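Pasting the structures here.
Here come two complexes built around subunit A, the first alongside subunit B, the second alongside subunit C.
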Partner chain A sequence: MVKHNKNQLTFMQYIFLIHGVQAGVGLLALPRELAEIAGTDGWISIIIGYFLSTAAGLLIIQVMKKYPNGTILDLITHYFGKWVGKIAALVFGLYFAFLASIIFIRECLFIQFWILPQTDLFILMLLLSIPTYLIVRNNIKIIARYSQLVFFMTAWMIFFYFPPLKEAHWLHLLPVVKEGWIPIFTAVKITIFSFIGFEITFFLYPSLQKKHKASSGFVIANTLTLSILLTITIVIFTFFSPDEITQFKEPTISVLKIVEFKFLERVEIVFLSLYIFVISTTVLPLMYSTVFCLSQLFGAQNHSKFVSWYLLLNLVYIMFITQSFDRNDHLSKLVQPISLFLAYVFPICLFIYVSIHDRVKRRTNL
Partner chain B sequence: MLFFRKYGRKLQKRDLSPKHENTSSQDLISSELVKNLAEIQNIFCDTPDLVMKNFVLKQTTRQVTLVYLSGLTDKNTINNAILRSLLFEAENTDRDLDEKVAFGQIKETTTWKKIEDAILQGNSVLFMDGRAVAYEFDTQGWPQRGVEDSQIESSLRGAHEGFTETGGTNIALIRRHIPSRELKIKEMTIGERGKIKISIMYLADVANPEILQELVDRINKLKVDHIINTASLAEYIEDNPYSPFPQLFLTERPDFAASEIFQGRIVVVVDRSPNVLIGPATFETFFKSIDDYSVRWMAASFLRFMRYFGFFAAIFLPATYIAVIAFHFEIIPLKLLLSVGASREKVPFPPFIEAIIMEITLEMLREAGVRLPAKIGQTVGIVGGIVIGQAAVQAGIVSNIMVIVVALTAIASFIIPNYDMGAAIRMLRFPMMIAASLFGFVGLTVGLMTLVAHFVSLESLGTPYGSPLAPLRFSDWKDLFIRFPVWSNIKRPESARAIQRKKANPRPSEGEENW
Partner chain C sequence: MKRSVPVLVSLLLVILLSSCGSKPPLEDLTLALILGVDLDDKNNLTFYELNPVFSKGAKKGLEAYGVRAKTIRDSRRLFDGLTTGEVTAGKIQVLLVGERVLEQAGWFSILDTVYRNPNFSMNTRVVAVKGPVSDVIFYNPGEKPELSLHIKAVIDKSYDRARAVKGTLQELHREVYEKGMTPIISEVKKKKKLEYSGMALLYNKGKYAASLDVPESTLLLVLKNEKRHEVTMTIPVFPIDKEKDIFHKNEMSIQASRVKTKIKTGYKNNTFHFDVKVNMNVNIMERIFPEDKVKKAELVKLMEKELQKQFTDLIKKIQKKKLDPIGFGLYARAYHYEQFKKVDNDWGKALAESDIKVSVNVKVNAYGAVK
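And then the complex of A and B:
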C-alpha cells in the first residue's frame, strides 16, 4: 500500500492534475457531437455539464472529508469492511483501466489517422508506452509535477484558435436556444462526459497538502476546463456553418487547417503532435489510478510492476484485435454508464450513507 | 544494468584492501630506536625516496632519527626549522620538544599506523631513543601549481582564480569569500588505498541538515580503492546513475562555489582535484554562469534566454529538420520548400543519414580540437571547416541546409556554460534524431515526453531536480529565465531547501536623498 502520511500535492499541482485528466481526447470531437444534437446551442450544454460536474466533484470532496487520510478505498474499507473495500478496488481499478485503455488507444488512432497513416498501431503504442511507463511507475507527486509542467508547456496552444476567429460569423450562434431546451438538455449527456476524470479526486484528496482548499481547487480546475472547452467550441461554432460542422470528424483539428504562418503551414500537424502531451496528462493519472487500485487490491508495496503488466496487456490487446474509431466509440459508450455511476451517482449515495452513518453513530455515542 | 550492480556487489564482498594494511596497524612503537628503525625499514622497503637522518641531539647523548619522504616534504622547513634547531640550538633536552623546535604544529603519536600515514602524507616523523613516542612535524610540501584562471569556466568579469589540486588551498579560496564562523567543514577520508581527504563545506545555520546527512551518508558508504577526481566521486554518489543529466554541479570557480554555499547548498572539496562538487543541484543551475551576476540584469536575462533556447535547439533542431524533410514537408511554405528541395537535389541520402554524417563529423572535430595541442588544433579547424563547409556540399554528399542546421546546432550546444550539461545535450541529440527519422513529429514529441518524464522524476540528493519548473515554484523564478535585479532577490531558492530562507536584506534603506 502506498502511504499517505506525507502530504505531497501542492494546491497548484492538484488543480492541474484534475484539469489535465479532464481536458484530453474528448475535446477533439466534442464540437461535432454537440452540433449533431443541439446545433450551435451546444455551448449551453457545456455550461450545464460544468455545473453538474462541479456539484458532483464538491460532493466527492465532502465525502472524502469524512475520512481525510485515506483514499476512497480506505474510506469504503472503513465504513463497509475489508471485502467491500476489495471489491471497490476491483471496480475502480477495472473502470480506470478501461477508461485509460480506451483513451490510450484513441490517442494512437488519432496519431495514425492524422499524422502517421502508414505506421502500425502497435508500434505507435509501443512508442508511447516508453514515456508512459517512465512516469506512471513513480508516485503521484511526480505525475502531478508532470501535469503541471505540461500544462504550462501546452497552454499557449490555445492561441492557435484565435486566427480562425478572423473568419468567424457570430451570427451562427444566434438566436440562442433556437430549437427549445430539449436538444440542449439531451446534449448534456455528452458534455458531462467531457468533464469526466474529476473522480480522480477520490484518490488525490488524501495526498493534498492544504485540504481546506480542496473545494476551491476543484472549482478552479473545473472552470479552467470549462473555459477551454467553451473557447474551442465557440470558435468552431462560429467558424463553420452549423451544418458543416457535422461533416468533420474532428472539427477541433480541421479548423486549424486554415491557420497559416509565413514559416509554417498545416498547423494541425504540429498541433496534434503537441496535443499528444495534453492527452498524456489524461492517460497518465488514469493509469496511475488503475495500478494504484490494483496494488491496493493485491496488497503490493510497489506498483511499478503493475504498470508494465498493464501496458503489456494493452499491447497484446491492440496486437490481436484490430482497432478502429467505431470500435473505440462503441467501447467508450459502454464505459459511459459506469462513469456516470462512479462519478455522479456513487458520490451522492455514498454521501447520504456516510452522513446517516455518522449521525446514527453520534447519536448512539450520546 | 542490474547485472552490473550485482556483479559490483559481489566484487565488493571480496577483500580488496591493501595487503599489508592490517599487519602492524595497531602496534605501538618501541622505546628503542634501533627497533623502531628496523620496523620503519620493514614497512617502507623498496622506497628509495625515504630519508632517515640520524643525528645526536645537541648537548645530550640522545640519538634521534628524522624520517620523511623526500619528494613530499618541504626541504626548507626541515632544514631550517627542525634540523637546525635540534642540532645546534636546543639546550635542555628533557623539556618538551615544542619549546625547542621553531615549528607550528607538532603531534605526538604512538602507533605505527599513524606514523605510516603521516609519512605518506608528507609529514616528517622524529624518533627519539628511549622514548615510546614519535613526533610528527607538519612539513608537507609537494610540487604544486599556483592559483590560475580557470580554464573551462572562464569569465569576463568574475574573479580570475580557479581551484588547484591541493584541497587546503581550495578550502582557503572558498573561505576567503565566506569569512564566517558558520562556515563549517566536515572532513572525511575515502579510498582504501587512495586515502583521499574530502571536505564538506556548508553554512551551518543555512544548509539543510537532512541533505547534509544524506551526502555524508553516501560518501561514508563508499568502499573504493581510489577516486581519481571529483567527477568520479559525483558518479559514485549521484541519485540516478542512468541519467544523461549531471545531477551534481562541478565547478572550478571559487566564487561560484562560494555563492552556492551562500544559497544554502553544500560544497564538497576533494583533495587532489581541481574541481569541487556542489549539491543539491537543479537543472537551472547548469544554465547559470557567474558572469550573469557581473553584467546588468537585462543583458544577463537575455543571455539566459539564449541559453535555454540553445538547449532546445541543440537537442531538437537536427531532429526537427529530419522530421520535416522526411515526413511533414507539407508544413513548410512552398517557397521555402523549393529552396530546400533545390539544395537537396543532388544529395543521394535520406536526411537522417545526411544528418548523422554531419553530426558525427562535427563531434569528432570538436573532440579532436579539445585534446590536440593548440598549434595542431588550428589545423583541425581549417580542415574541418573546409571539408564540412565546402567540399561535402560540392560533392553532393550533404545539402547546404544541413550544413546550416548542423552549424546552428553546434553553436547552440556551445552556449551552455556547463561542460557536463553541454555533453549531455550533445549526446541526447542522437536518440532524438533516430526517433524523428522513424516517426516524424510523433517521434519528436515522444522523445520530448520521455525527456520531460525523466526530468520530473529526477532528484539530486533527494531534492527535485526540476525545481522551480517541476515542481513549480514561482518564488524561485526571479533567478530563472529572467535574472531580476539582485536587490529584488531576497530569498534563497527553495530548491536548496535552506533552513533559513531569507537572505539579509540587501536593499539600501530608503533614506533621504543626499546629493
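And then the complex of A and C:
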C-alpha cells in the first residue's frame, strides 16, 4: 500500500493540482461544442456547469470529513467492508486509467496533427512517456509541485488571446438567451465535463496540510478554471462569426493563427508546444490516481512498477490499434457517463448514506 | 552496468528524433509568396505561383509559374516539377483571385485546402485582380521591391489610411459564412502599372457583385466604424461650373481625427429600420476656394450635406445590389433576433427593402495654419 504521509500538500499545491486536472485538452474544442448546441449563449452554460461542479466538489469534501485520515478507498472499506473497498479501488482505478489514457492519446494526436505531422504517433508517445514515468513514480507531493510550477510557467499564455480581441465583434453575443433556455441547459451536459477531474479530491483530502481550508481551496481552484474557460470562450465567440465557428474543429487553436508578431509567425505552434505542459498537469495526476488505486487493490508497497506497466500498455495499445480523433471522441463519449456517476452522483449517494449511518450509530450509542 | 542504461536510452531517443533529420535548408525550399487562381479562355482553372530564388547563379531573384491543375493541392505537383526546391505554402503573403474566377458562383470552395491544411497562414491577403492574374504575376517592375512585398505593402498602407480592408483568409472565411454580412476584398488592376483600385464587393457565397473606387471605400469603412490610423476625404462643398473649373475651386480636404458611427435599429411594418449617425471631428487640411466664399457656420452645414449625400448614395448602391458589406445584419441579429432569423437566408434582399437613414454630424477642430 502506498503510504500517504500526512500533511503533505500545501494550500497552493492543492489549488493548482485540482485546477491542473480540470483545465486541459477539453478546452481546445469546447467553444465549438458549445456553439453547436447553444450558439453564442454557450458561455452561460459554463457558469451553470461551474455551480454544479462546485456543489459536487463541496459535497465530496463533506463526505471526506467523516473519515479525514484516509482516501475514499479507506472510507469505503471503513463503512462497507474490505471487499467493497477492493471493488471501489478497481472501479476508480479503471476509470482513471481510461480517462488518463484517452487524454494522453489525444494529446499525442494534437501534437501530431498541428506540429509534427510526419512523426509516428508511437514515437511521440514514447518520448512523452519517459518524463511522465519520472514524475508519476514519485508521491503526490512531487506531482503537486509539478502542477504548481507548470501553472506559473504557463499562466501568461492567456495573453495570446488578447490580440484577437482587436477584431472582436461584441454584437455576436447579443441577444443573450437567443433561443430560450433549453439549448443552454442542454449544453450544460458538455460543460460539466470541462470541470471533470475535481473527483481526485477524493484522493487528495487525507494529504492536505490544512483540512479546514479544503472547501475554500476547492472553490478557488474551480473559479480559476471557470475564469480561463470563460475568457477563452468569449474571445472565440466574439472573434468568429456564430455562423462559421462550428467549421473549426479546435477554434481555441485556430483563433491564434491570425496572431502575428514582427519576430514570430505561426503562434499557434508555439502555443500548442507550451500547452503540452498544461495537458500534462491533467494526465499526470490522473495516472497517479490510477496507479494509487491499483497498488491499493493489490496491496503493493511501491507503485512505480504499476506506472511502467501502465505506460507500456498504452504504447502497446497505440502500436496495434490505429488511433484517430474520431475513435478518441467515441471513447471519451463512453467514459462520460462514468465520470458523471463518479463525480456527481456517487458523492451525493455516499453523502446521504454516510450521514444516515452516522446518525443511526449515534442514536444506538445513546 | 547501471550507469550505461541511461546512456543507451538517451542514445536510442536521439536516433528516434526523426523530424530533425529531414529539415531542408532554406536554399532548397521554394517559398511560394504569391499564389494566384484564375480561369483561362476555355474556363480551365489555372494556378500561378511566385517565389524567390536563393541560388547564386540565378540572374533574376524571382520566378513565376502558371500551371493548369485541378485543385490548389494538385497544382503543387506541377510546381514541384518546375522549381528547384520543394514548394511550401506556409509563407504565402498574397492570394490573387482573377476576375473570371470571382464571376463564378461557388468559387470559394476551391480554397478548401487553405483552411484544412494547418500549414497555410491565415494572414494571407486575398486580393481580387481586375483582369487576368497572369498580367500581375509576370509583372516585373524593376524599380519596385519584390512583387509580393509590394502588393502587401500597398494593401497595408491603404488599410492604415482607411482605404482598404486587409481581406485576410480568416476575414474572408468569416464574411462568407456570416449570414448577416457579405464579403469585401481589396482589388488591384494592372494597366500600365499595377495599382490598388478599391474594393470588390462579393455576394454571400463569394460571387463578384460590384466594385467600389477608393473614395467610396473610405466611406464604407467609416460606416463600418473601423478604427484606422487616418481618415482623409476630399469633397466638393458647392456646385461649380465645370467648364471654367480647371483647379477644382470648390473642393476641400478634411482629415477626421475621430470618427464614430452609431447604428440604431428598429423593426416596424415588416421592415427593418436603421438609423446611422456618423459623428466626425475633423481638421481642415486643404481649402481651394477663398475664405469669403462660404461663411464658417455655413461651411459645416455644407460639408455635412455633401457627406450625407455621399453616404446615402453608397448605401443606395449597396441596397440596389442586395449586398451588406457594412454588416447591418449583425445589428439586426443582435437586436431583432426573431425577425432576423426569418430572413437570414436572404439577408441582402431584406436589407434592400429596409429603410436606412444617414445623418452626419461634423465638428471642426482646426481650420489650419493660414486664414
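Rule of thumb we're sticking to: the second predicted complex is superposed on the first by the 365 of 366 C-alpha atoms of A that agree within 3 Å, B and C clash if a C-alpha of one lies under 4 Å from a C-alpha of the other, contacts with A are read in each partner's own complex, and residues count from 1 in each chain.
In this text, contacts are C-beta pairs under 8 Å (C-beta built on N, C-alpha and C of every residue); 3 or more make two chains touch, one makes a residue touch a chain.
Keep in mind the model is a prediction, meaning the values are calculated, not measured.
Colleague: Can A:L127 be said to touch subunit B (first), subunit C (second), both, or neither?
Modeller: The answer is both, since A:L127 touches subunit B and subunit C.
Colleague: Under the stated touch criterion, which partner chain does A:S324 make contact with: subunit B (first), subunit C (second), both, or neither?
Modeller: Touch partners of A:S324: none, neither subunit B nor subunit C.
Colleague: Who contacts more of subunit A, subunit B or subunit C?
Modeller: B
Colleague: Looking at A:K257, would you say it contacts subunit B, subunit C, both, or neither? Reply first, second, both or neither.
Modeller: second
Colleague: Touch check for A:T119: first (subunit B), second (subunit C), both, or neither?
Modeller: It touches subunit B and subunit C both.
Colleague: Is A:S241 contacted by the first partner subunit B, the second partner subunit C, both or neither?
Modeller: second
Colleague: Once the structures are superposed on A, label A:S227 by its partner contacts, choosing first (subunit B), second (subunit C), both or neither.
Modeller: Touch partners of A:S227: none, neither subunit B nor subunit C.
Colleague: Between subunit B and subunit C, whom does A:R145 touch in the aligned arrangement: first, second, both, or neither?
Modeller: The answer is first: A:R145 touches subunit B but not subunit C.
Colleague: Regarding the shared-chain residue A:P175, is it in contact with subunit B (first), subunit C (second), both, or neither?
Modeller: Second partner only.
Colleague: Tell me the contact category for A:V270 with respect to subunit B and subunit C: first, second, both or neither.
Modeller: A:V270 sits against subunit B, while subunit C stays out of touch.
Colleague: Which parts of subunit A are in contact with subunit B and also with subunit C?
Modeller: Common to the two interfaces on subunit A: residues 116, 119, 127, 130, 260, 265-266.
Colleague: How about subunit B: which of its residues touch subunit A in the complex?
Modeller: 327-328, 330-333, 336, 439-446, 448-450, 452-457, 464, 466, 469-472
Colleague: Quick one: in the complex, what on subunit A touches subunit C?
Modeller: So the residues of subunit A touching subunit C come out as 113-114, 116, 118-120, 123, 126-127, 130, 167, 169, 171-172, 174-175, 178, 240-241, 243-244, 247, 254, 257-258, 260, 265-266, 268.
Colleague: Can you check the complex and tell me which residues of subunit C touch subunit A?
Modeller: 9, 13, 16, 18-19, 22, 90, 115, 118, 121-123, 168, 170-171, 173-180, 330-331, 333-335, 337
Colleague: Hey, which residues of subunit A end up touching subunit B in the complex?
Modeller: That would be residues 10, 12-13, 111, 115-116, 119, 124, 127-128, 130-131, 134-135, 138, 141-142, 144-146, 148-150, 152-153, 260, 262-267, 269-270, 273-274, 276-277, 280 of subunit A.
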